[in-house]
Amino acid sequence: MIKILYFAGLRESIGSSGEEIALPPGVSDIARLRAHLAARGEPWGSLATARNLRTAVNQRMVDEGAAVQDGDEIAFFPPVTGG
Amino acid sequence: MIKILYFAGLRESIGSSGEEIALPPGVSDIARLRAHLAARGEPWGSLATARNLRTAVNQRMVDEGAAVQDGDEIAFFPPVTGG
Amino acid sequence: MPVDIPGPASSVSVQHEPFDVGAEIAAIAAGRPAIGAVASFVGLVRELPGCPGGLSAMTLEHYPGMTDKALEDIVGQARGRWQLQDVRVIHRVGRLAPGDAIVLVVVAAAHRGEAFAACEFIMDYLKTRAPFWKKEETRDGGHWVDARDADDAAAARWDV
Amino acid sequence: MPVDIPGPASSVSVQHEPFDVGAEIAAIAAGRPAIGAVASFVGLVRELPGCPGGLSAMTLEHYPGMTDKALEDIVGQARGRWQLQDVRVIHRVGRLAPGDAIVLVVVAAAHRGEAFAACEFIMDYLKTRAPFWKKEETRDGGHWVDARDADDAAAARWDV
């Protein structure tokens, strides 16, 4: 299983703060996971269309090539705007 | 008359915080005033020997070429060390 | 026997409650005679330009599992770049009104160059790397604040 | 009728008394919703390196007729370079102990880049242009602190 989290505007457009799913076969990195999640259609379409989407694996910001493994916590979110 | 002020280490080495004197004939700028004051001998010798002496005319920092006029307040002091 | 001198410390907090800038600075400086310079920064909820009175509130969302780690990582990077005596970072979350303080960064060092540089570095990295998001409420409803290109540029300066 | 909005303000103080950093920052930010960023700096009397306990006191001498003018001039230069909402400078004089605060600079602006730059600029110029002199008292007697070349270099950066 992997844990997926959505934040801020992405959370609102998807209408969910996250989900737990089995690591899909063939999904080994962030880019493939994102494509897999978006391919399920609405309400996850914004995972494909959102500009500059950021990602964290196990609470560390990573780029789209980062590996994904069973047990990981993966977060998708817009560019941060704190401070 | 001009008012002359000495500060910090210069004040201590001269042993005076200042003096009022008539503007000496031929003294039209800071460099000449400084040379005139130092030429009087001790205790004003450190006006000649002090390194990096700073000067203010009428409470504004100036360089040695700045003009001196009757009625001015002229201050000599070491590089500042506040803050 | 060597004297027991407190080592470098730092701490980050993510909280709903307001903070007391003066108390935080005083706590850092107290009993630390090697500190000669304390640089600090406070970020506040700002009225929207050209729209006075238009902003009624702002909500700060964050990623609870990650925020502390992200802030500690940023502070660790600052410590790796400069000789620092102490660092304190507080970031608020939840609902805030115009004029409320959002973030505090305090950096103590022997000399001011290090304190200023590290304080600005931490803010620049926090703005692009720490998982907080602002949603503004105005008369017209709510909207998520867009990230500023200027913030990316500010953070990029430090990678030289 | 236009609303009466307080204009840009600033003030400098030279005083024996301690100052309250938190109160100064709060006073600047209060009721000024255009302020989004407050950068501040506190300089403290530092223990001499390699000589803990060696510094018993420090005396700050100044040129009373000139100090306010010099500080106001420096603040005016900062206002000419950056868009600032408010500036506050406090410099203490007289006898101070290790750990005592010497100087406070607070700069408020819409954005942090201006606040940080102006705060550092004011400190760099103050260090080389404001007529204050430090005399340290140690076990071996008193001596006037030498000006640091690093301070001249820091001030020179801004003339680019």
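Just so it is clear, A, B, C and D label the chains in written order, and each chain counts residues from 1 on its own.
Going forward, a contact is a pair of C-beta atoms (placed from the backbone, for glycine too) under 8 Å apart; a residue touches a chain by one contact, two chains touch by 3 or more.
Model, not experiment: these values are computed from the prediction.
Relative to chain C, the most remote chain by averaged C-alpha coordinates is B. Mean C-alpha position of chain B lies 27 Å from that of chain D.
Note: centroid distance chain C to chain D, computed from Cα atoms, is 21 Å. For the pair chain A and chain B, the distance between mean C-alpha positions equals 72 Å. In terms of their C-alpha centroids, the spacing between chain A and chain D amounts to 47 Å. Counting partner chains per residue, chain C shows two or more touched chains at residues 43, 123. In chain A, there is no position where the chain touches two or more neighbouring chains simultaneously.
Listed by chain label, the pairs that touch are A-C, B-D, C-D. The touching residues of chain B, counted against chain D in their complex, run 5, 7-9, 12, 52, 56, 59-61, 73, 75, 77-83. Interface of chain D with chain B (complex): residues 43, 60-63, 65-66, 69-70, 73, 91, 102-103, 123, 126-135, 144-147. Chain D contributes residues 3, 20-23, 25-26, 29-47, 49, 52, 98-99, 101, 110-113, 115-116, 119-120, 123, 150, 154 to its touches with chain C in the complex.
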